[in-house]
Amino acid sequence: MNVSSKERPSTQTRVLSYAGALLETMDSALADHPNVFIMGQGVDDFKGIFGSTTGLAQKYGAQRVFDVPLMEEGMTGVAIGAALVGDYPITTHIRADFSFLAMNQIVNLASKYRYMFGGIMSCPMLIRLVVGRSWGQGAQHSQSPQATFAHYPGLTVVMPSTSQAIVDMYPQIIVRHPGPVVSIEHRLLYNLDFSVSAGTPAKPIPLTSYVAREGRDVTVVATSVMVLEALRAAQYVAEKAGIEVEVIDLNSISHPDWELVIGSIRKTGRLVIADTSWLEYGVAGEVCRQVMMRDPAMLRQAPAMLGMAAAPCPTAKSLEDIYYPSQHETVEAILTQVCGSRHGIELPVERSMTEGYKRFRGPF
Amino acid sequence: MDSDERYRRLFRTALTIRLVEERIIELYPSDRIQSPVHLSIGQEAVAVGVCDALNVDDLVFATYRSHGFYIAKGGSLPKMFAELYGRVGGVSKGKAGSMHLSAPEVGLMGSSAVVASSIPHAVGAALSFKRRGSSRVAVAVFGDGATEEGVYHESLNFAALMKVPVLFLCEDNGLAVHSFKNARQSYNLLEHAKTFGIEARRLDEGWDMLAIRQATLDALSVVRAGRPFVLEIATGRYKEHVGVGDDFHFGYRNATDIDAWKARDPLLLDEKLVAELKPEIDREIAAAAEFAETSPFPGRDELLTDII
Amino acid sequence: MNVSSKERPSTQTRVLSYAGALLETMDSALADHPNVFIMGQGVDDFKGIFGSTTGLAQKYGAQRVFDVPLMEEGMTGVAIGAALVGDYPITTHIRADFSFLAMNQIVNLASKYRYMFGGIMSCPMLIRLVVGRSWGQGAQHSQSPQATFAHYPGLTVVMPSTSQAIVDMYPQIIVRHPGPVVSIEHRLLYNLDFSVSAGTPAKPIPLTSYVAREGRDVTVVATSVMVLEALRAAQYVAEKAGIEVEVIDLNSISHPDWELVIGSIRKTGRLVIADTSWLEYGVAGEVCRQVMMRDPAMLRQAPAMLGMAAAPCPTAKSLEDIYYPSQHETVEAILTQVCGSRHGIELPVERSMTEGYKRFRGPF
Amino acid sequence: MDSDERYRRLFRTALTIRLVEERIIELYPSDRIQSPVHLSIGQEAVAVGVCDALNVDDLVFATYRSHGFYIAKGGSLPKMFAELYGRVGGVSKGKAGSMHLSAPEVGLMGSSAVVASSIPHAVGAALSFKRRGSSRVAVAVFGDGATEEGVYHESLNFAALMKVPVLFLCEDNGLAVHSFKNARQSYNLLEHAKTFGIEARRLDEGWDMLAIRQATLDALSVVRAGRPFVLEIATGRYKEHVGVGDDFHFGYRNATDIDAWKARDPLLLDEKLVAELKPEIDREIAAAAEFAETSPFPGRDELLTDII
């Protein structure tokens, strides 16, 4: 796998894995802000949430980085209480699915605290959720609840898709963002290497959507790992058919840059939506709503949508492979949008998206 | 301090709570207060005794039944009335209402209407205090019913493990809405807390403000030393669960259950002191209601502010 | 308030409140099926979940209808366990907001049980959630989580909007439906009287969408109490301007009859969506997605959407009144769709929707 | 029954579990099993002793670490291997995998990979049994870590209140992933359970299948009489939390922690019996793996079935 990302203004780049980017931002958050602390099951162990917190407990001490019992609801409540008195808590869930145990604290408390009390209190904090995928995660370790959380006003929901997104966004969030942020990180990204700007980029990735690749023929609005899928597909169709795909990383699910998205769709007139969750009542619906509210005629034809099949996630690999959209399907969706269903262009054979990620050795 | 003066001070606060809530009862039919109210009439002594033992910068995290704690912790009456009236002059510009009173400037943090949900908040605040080496404490106030929720268990365990300065204060009125405690709980709260290594004590004299104050001070000496404490105080809810009426006629409980409480209630017994203090308090309440009355309703410009 | 509902084929009708309909269906479920039981906080007290379970504990005994401690997650888990061995549990939450405490059991367990185990086990059960509104419910007693639950495959999510819907649907659900059902009942409906068919209706309300009022000029797709708002508005614009509104009660949020919805939109070419929750990542998005997937050109213009303002619910009445769409706005949306924004037709003055419901004395 | 024969029966089941998991370890690098596996090697005696004391129609609700309970409860080996291989011939057509094994025909209900989440399921099944006047019981199997979750508290309270025939079985391996119990728990499990009025017992000899069987029988006599019981059995997890490797080299724990367990492990000590039983069990395993190997992969027709 070798995908090209948006060109960065800064000339100097370095290679940084997603986990490495997380570790860097966690580290500098702790170094720069004495009120930051990290808590979660296993944050202080040798695996350190897939390498994103490894060594930090040793470096900053058990008062700043600590393991907690199994207590998702309680932990989130503890974080809120600490935030209310000026700390900045970072909590982790090694699978996003476990955040449902903290749903009450996240939705009924954290998201509402500021508004409910008329602005006199707030609980800024970062809640990190990891979405599982591949290797038989099954129905309870694979969910991607961005639409669920983004439905509730007061929450900021982001899905960083690259190391650059982590490096750029987390410092904007930690301590600086006024409210609670749910960041949904994708497990498949953790071990990938990305090239990131060596210094501070001229245009850091904002807490909203951005163009990940420019193009004129079709717009792909994607989230998280599907951004990478979209970029891979864009490269493929560029090489095979000279089609120029514009890839927009929605990036912030709660606060997308809809004008950017709509501007692109107006330009290309064609749309593919690629999300990590179910299509029903998900991101695809919200994108469609934003288009329709402005002008249903903006699109020349019905958009294509890629997401999980409408079932819980099966464990068997043969089912998992068809449960998620493959490169094959992503490329097919793009080609069909641009050239119609009888496009006649050869499709990639890759059967399982995760194969691509396993083979991937970066950097690019 | 003169113990008589202390008693007067506590009594005055308790009477203020009682008179404020009685005023609410009178006002309610006028629809000036258009939100559910959970009255603490009968339970005033708990808020008063506990808060008197606290410092201003100690934090209280409470529930939808928090008029008492709001007043006892020192919250402003005009802001409270304006909040209940849904006016801009309210603590939270009317966005909070009765169920979500707060007064962070005097240490009453946001009250939650989801039972038990603010218990871990107190633990979290206490955790921060501990890390900063502060001598402040946090108090989680909750009803007997709240201890049935799983988060109570998680909060006790975490607080005991981390040795944070939190006081778990259970207002045991024996009821959750219309359910009696024995139909809901198979455990004894004190024994239960002790298995977490948490010291625990019950006070049956929930009408006795001075005893509650002293029990709180005793508990706080443990808490300030960095050990959580569970203090359970028996008390009586005179009114219906939500709303301003009595509820004995519904037949699920007997007036006699509450008569025992009334028979010890200083606000009912000490008529002389009531007579002495009432006029001034009434004036304060009238002024507060007057402030509320004249404060504007929040308008469209407030609808979408303070969200993130 | 006096709204006309879909004509029923059966000639005989009777008057039945929503709470009364619930009580009837709970009663006959207990009478007809020995494996049915009802548990929830307060189900056995004199208020009986706003009159929907009153007296049933006395009639069927404490083994069939019983109070539980405060334990939303635990109770839902208990219900799943009972369902797995052949019982049919009905659980209640007097505010839908409290179901977030049971989110893990509902989403990670109940919704997935059948699929995750390859069809060899299932946990049919009914989870009743009551949505609060008006009289200062505030941010934590007013949420309407249909989009949240409908996002997860395996759950059936319904929002009965009338007594007829209860009387028709609940018997189809209880014991007969193979999986877990989340039914979202609206508190404002409880005290309303509706006319229901006296016998078994020829065409009972199905576990999917249906036409609540036929019309040719504009389609209103609505949920729950917004169906009544739509019917009131339809009557108003029919009288004032001779406009014929087609009102579709989405009714099943997880399994709408999209062909019915789309058929109506194709016919009228105009669309208003009226939901009880936030528009963002909500029902409106999914309706838009269904339209766009088929044909973006189906609509002559951008649809109108009515829902809660994008904030937690404020307590103050002056804010609550503008937080929810009023009759004024509903009528305005319909008129603007049909006649454009300069329609010049007089709007109803009703400032707060809840006034209508207070004044309402039925039957109709 | 001849106690020697009983020992052989239990031993054989335990050895089957061990050999099955050792086979999984061997197979794992071949990628035939493409899902996380949580091995119970070292913990077999618990499943074996407990299940032997149960009737076939008694139900067990377990966790992601349930190969042992699946086999001990009498689940079919070919269906298990096919399930692990993600094949149509598996218990759940491959949709479940290792983390969600079940065998309802012999009383193993669905295993959940969300810690503690199946505990209330056992309580609910027991509630049904009670209402029907059945003598069946339900067993909630969970690890020490699971008791930290709020739902454990809710489940104990409800079970005790309703007096349902449920056995809470805690497999105490002292670890939750890489965290030691003393870093996670401030309570003693037995004392804690007793405050709910629940009888509780700990067995330190988690290698002793017969002792576990007897302790379970003793507990079941209480449970069948309609009183929940907490049985905590100390045991040792030999392997890493998830996956097929050892984990001593990571330094978070010492091999010596486990050596004490190994020194008592009958499957290691009784070499003679192992030698005698192994060949037949190996044949069964080979046949099961063979069945799995030849069972087809589920195809697109299975993707969207059995959802509602």
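As written, the chains take the letters A, B, C and D, and residue 1 is the first residue of each chain.
To be clear about the criterion, a residue touches a chain if its C-beta (ideal position, glycine included) is under 8 Å from a C-beta of that chain, and two chains touch if they have at least 3 such contacts.
Please read all numbers here as calculations on a predicted model, not as lab measurements.
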{"item": "Identity of the chain that, by mean CA position, is farthest from chain A", "value": "B"}
{"item": "Centroid spacing, where centroids are CA-atom means, of chain A and chain D in whole angstrom", "value": "36"}
{"item": "Between chain C and chain D, centroid-to-centroid distance (C-alpha), Å", "value": "42"}
{"item": "Touching two or more other chains - residues of chain A", "value": "68-69, 71, 73-74, 97-98, 101, 104, 108, 115-116, 138-140, 153-154, 310-312, 314"}
{"item": "Sequence positions of chain D contacting 2 or more other chains", "value": "90, 93-96, 100, 112, 114, 148-151, 154, 157, 161, 183-185, 307"}
{"item": "Chain contact topology (line, ring, star, complete or other)", "value": "complete"}
{"item": "Chain C residues within the chain D interface of the complex", "value": "37, 63, 68-69, 71, 73-87, 89, 104-105, 108-109, 113-121, 153-154, 156, 177-179"}
{"item": "Sites on chain A touched by chain C in the complex", "value": "73, 97-98, 100-101, 103-104, 107-108, 111-112, 115-116, 138-140, 143, 147-148, 150-154, 254, 277-286, 288-289, 291-299, 301-303, 305, 310-312, 314"}
{"item": "Chain A residues within the chain D interface of the complex", "value": "41-42, 45-47, 67-74, 97-98, 101, 135-141, 309-312, 314-319, 322-323"}
{"item": "Contact footprint of chain C on chain B as seen in their complex", "value": "34-36, 86-87, 90, 93-100, 112-116, 145-146, 148-150, 176-179, 183-185, 250-252, 297-300, 302-304, 307"}
{"item": "Of chain D, residues touching chain C in the complex", "value": "59, 61, 90-96, 100, 102, 104, 109-110, 112, 114, 117-129, 131, 138, 150-151, 154-155, 157-158, 161, 305-308"}
